[in-house]
């Protein structure tokens, strides 16, 4: 009856949390619907108001990440709010330590955003006339962006799940933390929309990687204090 | 203490190319300096709260943040008055302005979070976590901003070079006095607030 | 030999005092009933004992055989709770719920063991139903299956028979009688016939 305190234990527990959330999500599609509907709506509004006008790359890049940021905000907070509102958080707290829960939720948010990016990005290129030559570099920036977004917002989601007003708080708390990430993403995307390739965005990619690593580490260290409340 | 301020305010002659407007630096820079001190103090007290779970540290983190926010607003106002006079517009999004804007956002978010949690210990822990987490992003900002925002507006170079090249003995004296006085005032108010919190806690306990 | 020591325990939320100066000690094979009117802090006391609330004053200690404090990990694996505040995932089936919590607790659980647990609480054949479709009494029974799954050394029961029919109550009484001989059982209740399930009483007001 004793539980093994190995890393294998941590991985299988984190994965159990992840798999459970995926299963719940597939049965309700609550977060995914919110994210995708939000993304498609904002994208349509943007594209509609742009009309046929050709925007310079830096505005295009900014628009792209504004759409991504707001769609992500619509769904990412759900991971912890759902546990809190259905009252399942107590059972979870009694059964698991902080780390597997955090990692499972992080993984789930990563999944949500990956779906979001794979759906919204092609639509963005259809709706606007943005063009990218360095597709590999662009995908790499997208993936790093998604990892960065998850690493910074999963902890914030855990924090606001404990607060009494949840809705607007998530965007308010996330935005200042995400500013360096979003600025870098916009800059990298701008270079790629402007026919750049890997070598043009090397510095940005290193920065994005550093951001993701630091924020994930910080989150893991801080999450247990949120989890105890 | 306030006497020193008035003194340092009224005596210096306008001695720079920029003219009368340059007087604002006697206030603007110390205010910005206090923003940074207060933000750092708030983070350190947050860490100490999470380590000890002693609510006193949360009171201090909160007070430091409140004062920091106040000075942040002051610095923003004085800064943008100066910007209007020298660069022609109140707001230019140069690196300094952007970073103080984000600092204001972080403080705002911190207070919004505190306002949304009723239970004291919960509020203390979550606000502390947020303060620390937000502080972690500061180095990234410092790295990112100068690269991304075009330095069309030579904010710091004007300030610094002017101070360096034209700072005579009187100016230097007044500037550093002002810096010291502002810092002293900050710690004085902070100390008052800290003691007020302490008394409130004692009263709460004596009711048992 | 496990031991639970509660010393001068007090809890307050802001200005409001919930309970103060609770003292008791329990070893394996001992049980206690926490009784008191609605709003007297029974559930808060249970959650404080479980480490979900930080005590305002006093201490809660769990000691192992060597009189050392239990690690957080060991504490988690040795206690179980049945409470109205404990909710299961309504969009998972009963089996999926049990399976999930077993993995989280680092246990491997077979389909046979799950069937055994469900039989024990009178839910045979209902393992594939979504918990959201269960009645409140069935949900309560499933919470017992979950509590039994980890074979706890300390069993916390908050309103143990709420929503249960007579047959369900009998199941609970049998479980308590079994556990109170080789575990610590803590019951928070208002029902007179449940007072006697425990050897000791702790009255809140």
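We call the chains A, B and C, going by the order they appear; numbering starts again at 1 in every chain.
Keep this in mind: a residue touches a chain if its C-beta (ideal position, glycine included) is under 8 Å from a C-beta of that chain, and two chains touch if they have at least 3 such contacts.
Computed from a prediction, not measured in an experiment: that's the story for all the values here.
Using the mean of the Cα atoms as each chain's centre, the chain most removed from chain A is C. A simple rule picks the central chain: find each chain's mean C-alpha point, then take the one closest to the mean of all protein C-alpha atoms, which gives A. Chain B and chain C have CA centres that are 50 Å apart.
Chain centres here are Cα means. That of chain A falls 37 Å from that of chain C. As a whole-number value, the distance joining the C-alpha centres of chain A and chain B reads 31 Å.
Those residues of chain B in touch with two or more other chains are numbered 121.
Residues 53, 119-121, 204, 207-208 of chain B are the ones that touch chain C when the two sit in their complex.
Across the interface of their complex, chain C is touched by residues 1-5, 9, 12-13, 16-17, 20, 23-24, 27-28, 86-88, 90-97, 100 of chain A.
By the touch criterion given at the top, residues 13-15, 17, 54 of chain C touch chain B in their complex. Chain A meets chain B in the complex at residues 152, 155-156, 159-160, 162-165, 169, 172-173, 175-177, 179-181, 183-184, 187, 207, 210-211, 214-215, 218-219, 222, 225-226, 228-229. Against chain A, in their complex, chain B makes its touches with residues 50, 102, 105-106, 108-109, 112-113, 116-118, 121-122, 125-126, 128-130, 132-134, 136-137, 140-141, 143-145, 147-148.
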